[in-house]
Structure formats: C-alpha cells, structure tokens
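The structure's right below; bear with me while I get my questions together.
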Amino acid sequence: MRNDERKINSLRSVNITANYITHPEGSVLIEVGNTKVICNASIEDRVPPFLRGQGKGWITAEYAMLPRATEQRNIRESSKGKVSGRTMEIQRLIGRALRSVVDLDSIGERTVWVDCDVIQADGGTRTASITGAFVAVVLAFGKLLEAKKIKKMPVTQFLGAVSVGVLPDGTEILDLNYEEDSQANVDMNIVMTGQQEFVEIQGTGEEATFTANQLQTMLKLAGEGIEQIFEIQRDTIGDLAERIGETKE
Amino acid sequence: MRNDERKINSLRSVNITANYITHPEGSVLIEVGNTKVICNASIEDRVPPFLRGQGKGWITAEYAMLPRATEQRNIRESSKGKVSGRTMEIQRLIGRALRSVVDLDSIGERTVWVDCDVIQADGGTRTASITGAFVAVVLAFGKLLEAKKIKKMPVTQFLGAVSVGVLPDGTEILDLNYEEDSQANVDMNIVMTGQQEFVEIQGTGEEATFTANQLQTMLKLAGEGIEQIFEIQRDTIGDLAERIGETKE
Amino acid sequence: MRNDERKINSLRSVNITANYITHPEGSVLIEVGNTKVICNASIEDRVPPFLRGQGKGWITAEYAMLPRATEQRNIRESSKGKVSGRTMEIQRLIGRALRSVVDLDSIGERTVWVDCDVIQADGGTRTASITGAFVAVVLAFGKLLEAKKIKKMPVTQFLGAVSVGVLPDGTEILDLNYEEDSQANVDMNIVMTGQQEFVEIQGTGEEATFTANQLQTMLKLAGEGIEQIFEIQRDTIGDLAERIGETKE
Amino acid sequence: MRNDERKINSLRSVNITANYITHPEGSVLIEVGNTKVICNASIEDRVPPFLRGQGKGWITAEYAMLPRATEQRNIRESSKGKVSGRTMEIQRLIGRALRSVVDLDSIGERTVWVDCDVIQADGGTRTASITGAFVAVVLAFGKLLEAKKIKKMPVTQFLGAVSVGVLPDGTEILDLNYEEDSQANVDMNIVMTGQQEFVEIQGTGEEATFTANQLQTMLKLAGEGIEQIFEIQRDTIGDLAERIGETKE
Amino acid sequence: MRNDERKINSLRSVNITANYITHPEGSVLIEVGNTKVICNASIEDRVPPFLRGQGKGWITAEYAMLPRATEQRNIRESSKGKVSGRTMEIQRLIGRALRSVVDLDSIGERTVWVDCDVIQADGGTRTASITGAFVAVVLAFGKLLEAKKIKKMPVTQFLGAVSVGVLPDGTEILDLNYEEDSQANVDMNIVMTGQQEFVEIQGTGEEATFTANQLQTMLKLAGEGIEQIFEIQRDTIGDLAERIGETKE
Amino acid sequence: MRNDERKINSLRSVNITANYITHPEGSVLIEVGNTKVICNASIEDRVPPFLRGQGKGWITAEYAMLPRATEQRNIRESSKGKVSGRTMEIQRLIGRALRSVVDLDSIGERTVWVDCDVIQADGGTRTASITGAFVAVVLAFGKLLEAKKIKKMPVTQFLGAVSVGVLPDGTEILDLNYEEDSQANVDMNIVMTGQQEFVEIQGTGEEATFTANQLQTMLKLAGEGIEQIFEIQRDTIGDLAERIGETKE
C-alpha cells in the first residue's frame, strides 16, 4: 500500500476543467491529485524567423511554477533574471511532445504558444502539463476550425503522459506523488500516443541504477495509466475527439 | 450607464476564496469582476540583511501576470530576463501598503513574502492584489497565532484599495474595468485603512490633466468603495477580524 | 522652523542654467538647494516601433544618479546590470508628465530623449528633474522652430513639480530636503500645469497614513510652490515662454 | 550500409588520450569518429552551500562547444549572456550520470568540476562527453589516492554512453554521426554501468514516434556498443581499473 | 595649424575645479578644452574579499559618459544591462594608473572608489579622467590626513596623462580633440609620473601602423605635455603637493 | 638564466599546426611553450549593420579560455552571464591588430570571425592568439582564393606579436611565461608587421613604472622576437606567403 493508499498501478484522480481562463484560445485547469496546472494555448498569426515563408506553423511551450506552488517558496525566475535548467528541460519536453502529434503543415504560418503554469505542486507536474496542454491545444484548434481559419483538425493522435518509478524497496509504481518522488531510486516520464507508440522516454536513476526487467515493468505500468488518461481527455473535449486524426480537408 | 451596466459609483462583484492553495501560510483567490488574482503569503523565519539582529520583521511583495492573463499574450518576464518597470512599480506599491498596517516590531525576525499572481486580468489588478494580499497576510498571521509563535495579531488596521478615474466625457467613476481603463483620461489608485485614512494616492493623467474638483469627487468615490471592500474582507477572515488592531500581547 | 531655517511653505532657492552642455538640443543644470540635476533633451528623427507610420512623435525619459551624488556611494546600475525599481518609477513618471503638456501630433516622427542625471542629491531629485526637463524640452523645441522643422511650439502648458510632506510632529511642509525626507511620515510628489491642473499626484505613507485634511493642506502648499517655479522657468526660457500654448501653425 | 560505410551495429573508432591538458587533476581528449571533446576533471576542496558540514562531496559538470566546432559557427554563450536550454540539459545529464557511479560519502567535502568542451562536433557529443568524463574523473581520483587524500577509489562501477536511433527507413542504428542524427526519426541516448544496468535513458521522437519493438532493438544495440567502450576506457586508465568498485578503505 | 588653431605641441586649456561635489571625500571637475569630467574619490572602510585581513588598501575606478556627452546620444549602459568593452578598458586603465602611485600598504583596509563621469566629451576623456582622478584622490587622502586616520600622504608621485597621435599627413600632434581623433591614423595614450617614468603606454593604429621614429616623436610630445599638467595639478592641490612622496610617517 | 633556462632574448618554442579543426575555413593550433591556443577563422557572407551596403568587409575576434586552462579553475563566462573586462580588452586587441593588415575593401561584404580559444595557458596567451589568428586568417582567405570568391590575397603584410617585460631585478626579457609574468614589474605586448612597423604597443607597470631606456630595450627585444615568429608563420602557410601584399587583382 502506498503513502496515499493507492495501489501500485493506480493513477491519482485526474480532473480537467475546460475553458478555465477567458482570454486564451484554449485553456484548461488540470488537477492530478493535488497537482494543479493551468494550461493555456494561444494562437499567434506568425511564426519564428527560422520558419518564415514556408507556409507551416510551430508549437512552443513555456512552463513555470508560482513561487509558493511548493512546500518551500522558490525565488521567481524573473527575479533571478534567468530560467533554470530544470525549467528549460521541461518546456523543451512539452513542446517536442506536442509537435509530434500535430500536423504543422496544415495550420498555416501560425504559432501555438502553450503556457503551463503550476499553481500547486505535488509531483508529476511535467506529465500533468503535457496531458493538460494536449487538451488546451485541441480546444484552441477547435476555435480555428469554428472560425474556418483551418480546414481540418491538425491533431493527428491523442497524447498523454505519466510518471513511473522504482521505490527504494524495489517496487515499481505508477504516477508518483511528491513524497514518493523524493524517495524513489528511479524516476521515469513516459509520453505516449493514442496508437500506443512512444514519443518520449526519460528515465533517470540519480545515485541509483535500474535493470532491464525493471524498465519493462515500468513501461507496462505507464502504458496502462496513459490509456485511462486518454479517456478523461476524450470526455473533456467532447465532439472534437472524433476529428483527431482526420485526413480529409 | 457604464459599458457593463454598472452605476458610476458601483463596485464590480468582489469574491474572496480563503485557503485557495495548500502550501502557503495564507492564500486567497480574489475575483473582482473578471479580474482574478492568487494572493499567497509565505512566512520565512529570517529577514533581509539590512534588518538582521534588530528583532523586527519585514513584508515584501512580488506581482506577476500569467502570459495569457490578458487579451494579447505577454512575453514572460523570466524569458526576457528582467522585470518591467510596471511590475516593479506595482510590487513596490503592494509591499509599502501592507507594511503600513502591520506592526513589524511584533513579528520577530520573520519575512512575509506576498505573491500576487494575476491569472486573469480585466482592469484593477493592482488594487485587487492589495485587497486580496491583505486577507492572505491576516490568514498567515492567524497560523502564527495558532502555533503560538507570536502573541498578538500584528495587523493594526484593515487595508483595501480601489481604482477611480475620469472618463473622456468628464464623468468620474469607481472601479474601472479594462475597457474603461483604456479610455479613461485619468487613472487613480487609492489605498485606505479601516480608519478612513490614506496610505497611498497615485493619480495620473497621461495626455490629460485633472482639476481639484475632479480630484475631490474621485476621493469620495474611492472612500465609499473601500468601505464595501472592508465588509467582504471581514466576512472572509471570520474571527480573526476581531483581533485586528489588538494592543495587548 | 525647519532644519535649514526655512518656513514651512518656503521653497529652497531654485536656479536653472540654460544651455549647460553643448551637444544636446536642449540642456539645463537645475539646482534646487543642494540638489543638482543635468537635464538634457535630445531630438532623434525617428520613433519607437509601436508608433511608426502614424506621423506623430514620442517623449521618453531616463533618470540616473552619479554613484556619489549621495552621502553613501551607490553601486552603478550599469555594474549591477539592471535598473532599480526606484529608477524605473522615476523615469516613467518624468516621461508621462512631459507627454501630458506636449502636442505629440505636431512634432512629426521624432523622439525626444530626456536624460536627467543627478550629480548631487539633497532630496527632491525627481521633482527637480521634471521642472528642469520641462525647460530642456522647451529649449530643444526652440531649436526645431528656429530650424523651421516644426511650425508651432508643441508645448501646450507650463509644467512644474514639487514635493510636500508631513513631519512626524504633524506639520505639513513644502519642498523637503534629504534630512526632512528621511524623517517624514508622508512624502508626496505633485506635478501641475500652468493652468493649475494636476498631472500626477503620488503620495505615500510608508509605516504611516494621512488624513483627508492633511491631504488638502499638502495640495495647497504644492500649488503655491509650483507657481513660483513657473516664474523661474519663464525667466530661463525668455521669448519662448510666449509661444507655449500657441495654437496657430 | 551507412553513410560512412559502417554496419548498423558498429561504433565509430573511439580514442582516448589521457593527461591531455597539464593543469587539471584528470584530463582526457576523447575522439569518437570526428567528434572531439576535451574532458577535464578539477578537484576543489569545498562543496556547494547545500552540502556544507555533511562530510560528503559533490560532482558537477559543465558542457560547451567552441563556436566553430560545428559546420555553422554558433554564437558564444558568454556573448549571449546566457546558457541555452540544450547546454543545460546536457550538463545536468553528465553530472547526474557521474554521480550515480561515485561514492560521494567517501571523498570528503570536495567538489569535482567536470568540464566537457567540444572542439569538433560530428554527432554524439553528449555521450562522448560522458564516456570521456568518466575517465577524467577516475584519473583525478587516482591523483587523490596517490596523494593519500582519500583511502579508496570512490568510483563504484564503469560508466559509458552511446546514442542509438531509428533512420527514416525504420532501421535501428548504433552511434549516430551528425548526418545520421539530422535525418533520424528517433534519437536515444543510453548511459549504462559496467554491471549492465541503466543510469539514464533519454529517447525522443520529434515529429515521429517509436514502437515497443523498436525500443527493444535500440536498447540491445546500445548494450553491445557500451561493452566495447568499457574496454577502451579500461585500456586508458590502466591499473586504476582494478580499483573501481573496491569496498575496503 | 590645427583645426582649433593650436600648434602641434600645444595642450588645450586645462582647468581643474576642486571640491566640485559636496559628498565625496575628493571631488573635481576637470575641463580639457571642451571635454568635461567629474572625478569623485570615495573612501570606503573595507576592501574587496581578495584583500581582506592583509592590512592593506585598494583603489578601483569606474568610468561612464552621460548619454548626451557626445554629438550622438548613446544608449545608457544601465539600460543595455552591460558595460561595453571600451568602458571596461578605460576603467581598468584608470585604476591601474592610480595604484602605481599610491602606497596601498599605508592606507589600512580601505578602498578608494574613483568615479569618472564624462558630462561633455571632445576627445581625450580617458586621459582627462586620469589627470583629474589623481587630484581627487590626493584631496580624499587629504581628508584622511586631516582626520588623522592615516599618518602620511600615501601618494608617492604626481601622475598625469595625455594623448598623442599621428594625423593622416604624418604629423605627430599632442592632445587630440574629437575631430582630430576621428581622423588620426595612430592614437596613443601615455601616463607618466612626476619622475618622468612611464606608467602606461597604449598605442594603436587601427587600419594603420607607425614607425619607430614616429613613436619617439610622440613620446617626446607626451612628456612635454604632461609636465604642464603637473603644474596645473600642483596649483589645484596647494599645500598637499608638498606631502606627495613623503616617507616619514 | 631564466626559470626555464632560456636566455633573456629567447623565445619559447613556437609550433603552429595548420588545419587543426575540420569545419572552419582557417584553423590552427598554436603552441608557444606550454601555452596552447586553437585559432579558428570563419567566413560569413554578411557584415554587421554599420557596414551594410558599403561593399567592404569586417574582421572581429573573440577570445576565451577553457575553465581549467589555468592552474586554478576559472568560472565559465557563460555561467557568469557576462564577459570580463580582461576578455573584452584582449578580443578588441586581436580584432584591431588583424584589421590593420587586411584590405577590407577587397573582401566584399564578408565578416571574418576569429575565435581564439586557449586550451592551456602558460603566459602570453594574447600574443600567441594574434600570431596564430594571423595564420588562420591567411588560410581562410586561401580558401576564398581557391574558390575564386576573391581575386587577390587581402592580407597586406605579415603580423606577429610577443610580450616583453622587466623582472624585479631590472632585467628586460622576451616572451614571458606565466611565472615570469606574475613576478614582472612591467608587462608589455607588442604587435608588429612584416615591414617592422608597430600596430599596437600596450605597456603597463602596475605598482611599478619604467624608464625611457627600459622601453627602448624592450622594443628591441620584441622586434627580434617577432622576426623569428614571421619565419614560423611563413613555413606554416607555404605558398600563400608569396601572395601576402599582392596588389594586382
């Protein structure tokens, strides 16, 4: 039994509130247990310089935490005048993951800015961000479809993420909360598509290592967890779900 | 009649949700019309270098907006690597205002960090931040009282803030929303105490000026608006309200 | 009697030396008691990006102190790599104030850069900067008129500024020097036009508050002080004074 | 056949020159095909603040490229005034990987600074850096052993890294050069220990995904490649190889 | 005949106003032709970390220009967030030069901060800064002597600086004004002591070179010019001049 | 006899390896005793904004040290977020020196980026950088000539540099190593052309001075040393040597 009474293969409760903030084209509040992230997707009608004139779009992501999202207050990155390595890693990960399931050629010269702002943290903020950001992006493209600015839903597949890990006693577990994450020997983040393929695997054993068998068990737990996440995403986006992967224009 | 059908001396609806985020000692979500700010107060058991060894405390504030709190997405200040002049002005204002109603000598060598993060903006974010931050600070001191780390409530008076302004047609109005703020000739922020005294007056007429009469009308509107705000604050903090201004230890 | 033997409603001696530095279009040294500020106005034949193509101009201000303008040496902001919140507040204030009395539509796509550099500080540097900068700007426009680059004087009214405050014993005073400013409970900066209207009111009571009555007394003191300042400005600019507010082109 | 005529499971030639630079405690030049990295390990007799007084040590890594290590010249990060997200990711990876095979409790309050400077790049710079840095760290600890400053070799296992990937035609390959890396659908970096356990797995499919089968094939290729790397490391460090993993003091 | 009608070996008029600013321990305004620099010397009762506990002092210099000291307005270095290479070179030069004529062992653990702020520039700002800073430093030490904080004048020799150069027609000239400096093939700054020894020689021929003969002529011109500067410095510092180089304590 | 058994007028052994790194148009490793610098010259087909449209080219230089090029590890300038004054001085010197021997009008709108990266330091890194950079630039132009992108060799003369100095016992010496440099009273860097003319003289006596006689001796030593350097450069560049200074196109 885990510290919050879950089974080793149980997700925490996942809640996604659509249209959470008024201004963005797509906006959700995602809650995974006590982790809460506002994911906003903004559409801008131009692309970064390296893409200009190619007729295709771009997706980029930013990630931040409120200073007191955590047990100890963190200094604001704007006050420090620079973004930490951890933040950069996470926002690069979110951006790459989203780009892997969007047909950038079909959105014209537009940039989707995805902002994931953690307002309360209890482990798994980067995977919650990806899961929530996917929904925000679908909603934003829904707005473009409605306004007839694009002809088909550019999202090609569902996309979800979870963490898995190995506790000091060797147990592999799904969806670590903060306390588990602090103790775990191995921490792995898995991003997968609705076709059960991998987009990202990032596994790390600081001051520890893991075997090939442990890896397989973790991959299996992750696959099962992400399947449940797809259901919750599907419920949130309603009719738009059917347009994911559409090929006709 | 105003663009949102309010009377010239009407506040928008003000809503304060206490204990909004789990980790901070004091936390509220304040909603003033469509403006939404998370105000967190964190207690740290040390003071900045310039105060060390004097046995007294400090209050400092930081203010930020989520990039898409506004109609147009703003570049994150952490990405720009510096905090804008506007942000600095606002966070200096919030900190000064709170310090004017807290007996810093009675809290020991502690710093109260107040974080005001605007998640949705529709005008009046700085005054909403002050009003909400006041409640968060009271709640945080409530925790210290409960833990018997301090002996009396260090807050000496209620503190609230509103904006007032002058529309192009010369009408003075209370509590400007974003659209009104964009059009107004004069924009004034007033911070007052429960004893009806002024803490800050900041009035500005960019590309416009205002007369002594207009000033008096605006001050009167502000005083009436802030009285209503005190009632809402009082409801939110419950029994702690009675301890504000207590002198015995 | 005050620490420098002035009456409560006395200004310090104000001295403005026109054409102080050779290169700028407009340049003055303003001395208010022991406070000395070099105010230079530079005309640049283009505007910031947000104004391009609109046929109108812009005024922006920068403010700095020499490191040893003060009793204790301050670290240079260029060495720290960033501009302090205090500096930003002041330069935003100076810029706003000047723009309120200049008809930006009539100067073409030009930017007026106003640099206020305090070489010696004894309180009231921001109000001295505004008072001096006004003269520098008038002189600079005088050069443009002489060169027939513009057709009318774009300055619409006189502009002056003073500080007022409340001493710990409750006395309201005009034009605080550094020692008074350090002790005062309330510090207020007032910017007014030659038509006796307000451009900015910034009043602050850190660790103190002020009543409506005190506010009225301070506003009265300020109005009288600024009247005297207008006379000194008028003497400095000579014939250009008559062209202020001219409407024909 | 690959673009450089290697087989899909062939490493490029790996060359490690020990004691390449004079000053560092440990220094190597590692060449993997045309990729060349100088790896220096410096011992400092103190630890970062968060570890002071705990009697244990720390390892941290920095990574950089000469501006013209690549086909196109890159702007120096010191000129830009900030370190890129890519650089941060890589140096965090190198540091974590090394810490997983060093008994930090046994080195006293010392920091090992590992500097990996790429002087010529042709793909795989981060894995070459880890492989070379491991040798530099062993050599540096050799110096401490010789000087009798520590009693046992603190390195507990061998550590090596390679990249694997999937070409657009679906072929899984070992040790990608730059051209292959640019074309590959999937890029994965694997760090393993001499006991054949995983330290890090980072697999990414930007604008592509990969199946569970492809993952298994890549893991197998990586395991075989790293075995060969261990042999080359062993040759370079000579007698020190036998002290790796020693438990007696 | 030169552009300002001087002879090739004529200095411009040099004027030094002592005690120009009130607060600094030593302060002068130096005018060399139309070049005007405020040189302030501030004494701080502590030394930088690398000197602590050694019982000796330090001198460091900073140099800046007001934005409109020049014909074209320059962007403020505090706005750019970094100090230019040119500024760094000059302030390092001023600091080194002053340290060469001060017995740092005799001033205790004190730092002399020298601030050279150019308010109007017409060539030769760095040499004017050194010449003026020397006087400011002597005056500051005079204050320490008067307060009996030190026992002897720590300045060991006079110190002065001039520029020399070669015009496109091959003429060597003394003390270049801005227009000459812009045209010159060679620009050389010479710092010398009252004993006619060299402290610094910095000669540069961008897009040009100079012969050994030209070098000798320039050195001779510089030596003669600096002799005249010593006389002006001597007049400014009065009785303190006799204490320069004193050896008894 | 000197600390490394050289005579006072002996250079250390100078070794230049051409084509050291693959990617740059010109690349050398220069070794002067134990000082080792990689000098890369990169050709970019555009010029900085201030030169656009003028049909001429530009040369700029950057200089850096690996953190452990020195006995004590230095913090990376990219980590500090700014380039030190020393680095700026050196890179400005290298750029100026190279520009003095290149006919920038004849290279079209191209920029030559010269990167001097010190991988091991033992004194004289800036003069070694100039000497090596000259060769790298010649090689890079050789590539342009070969590709028929330019018609004549734009290099007009040979360029070399050495340091000279004065030891505490008054001996003038050529080519100081690090230990000598640390002890020397005077440190002078001389850059000369193949026609025996001066390009730069930078002599400095921190906490010391030097006489006119010492200056003449140092200039003579430098001239002899640089003659030897020209021979080594000539050997390295082979046939290209004959094209230096060619005037026909």
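Note that the chains are named A, B, C, D, E and F in the order they appear, and that numbering of residues resets to 1 at the start of each chain.
Criterion: a contact is a pair of C-beta atoms (placed from the backbone, for glycine too) under 8 Å apart; a residue touches a chain by one contact, two chains touch by 3 or more.
All values derive from a computational prediction rather than experimental measurement.
Asks: Listed by label, which chains are in contact with subunit B and with subunit E?
Replies: C
Asks: Just grab the chain with the largest centre-to-centre distance to subunit F, centres being mean Cα coordinates.
Replies: B
Asks: Give the rotation angle, in degrees and rounded to the nearest 5, that superposes the C-alpha atoms of subunit A onto those of its identical copy subunit E.
Replies: 180
Asks: Would you indicate which option in B-C, A-B or A-D repeats the interface seen between C-E, with over half of the contact pairs matching by residue number?
Replies: Most of the C-E contacts reappear at A-B.
Asks: With centres defined as the mean C-alpha position, give me the subunit D-subunit F separation in Å.
Replies: Taking the average C-alpha coordinate of subunit D and of subunit F, the gap between them is 34 Å.
Asks: Provide the C-alpha centroid distance between subunit A and subunit F, rounded to the nearest whole angstrom.
Replies: 51
Asks: Roughly how many whole angstrom separate the Cα centroids of subunit E and subunit F?
Replies: The mean C-alpha positions of subunit E and subunit F differ by 29 Å.
Asks: Indicate the residues of subunit D shared as contacts by at least two other chains.
Replies: Residues 81-82.
Asks: Round the ring, from subunit A on through subunit B, what is the full list of chains in order?
Replies: The chains follow each other as A, B, C, E, F, D, starting at subunit A and passing subunit B next.
Asks: What does subunit D use to touch subunit F in their complex?
Replies: Interface residues on the subunit D side: 21-24, 27, 34, 38, 40, 42, 44, 62, 64, 66-71, 73, 76-83, 87, 113, 115, 117, 119-120.
Asks: Which of the residues in subunit A come into contact with subunit D in the complex?
Replies: 82-86, 88-89, 91-92, 96, 99-100, 104, 188, 193, 195-212, 215, 219
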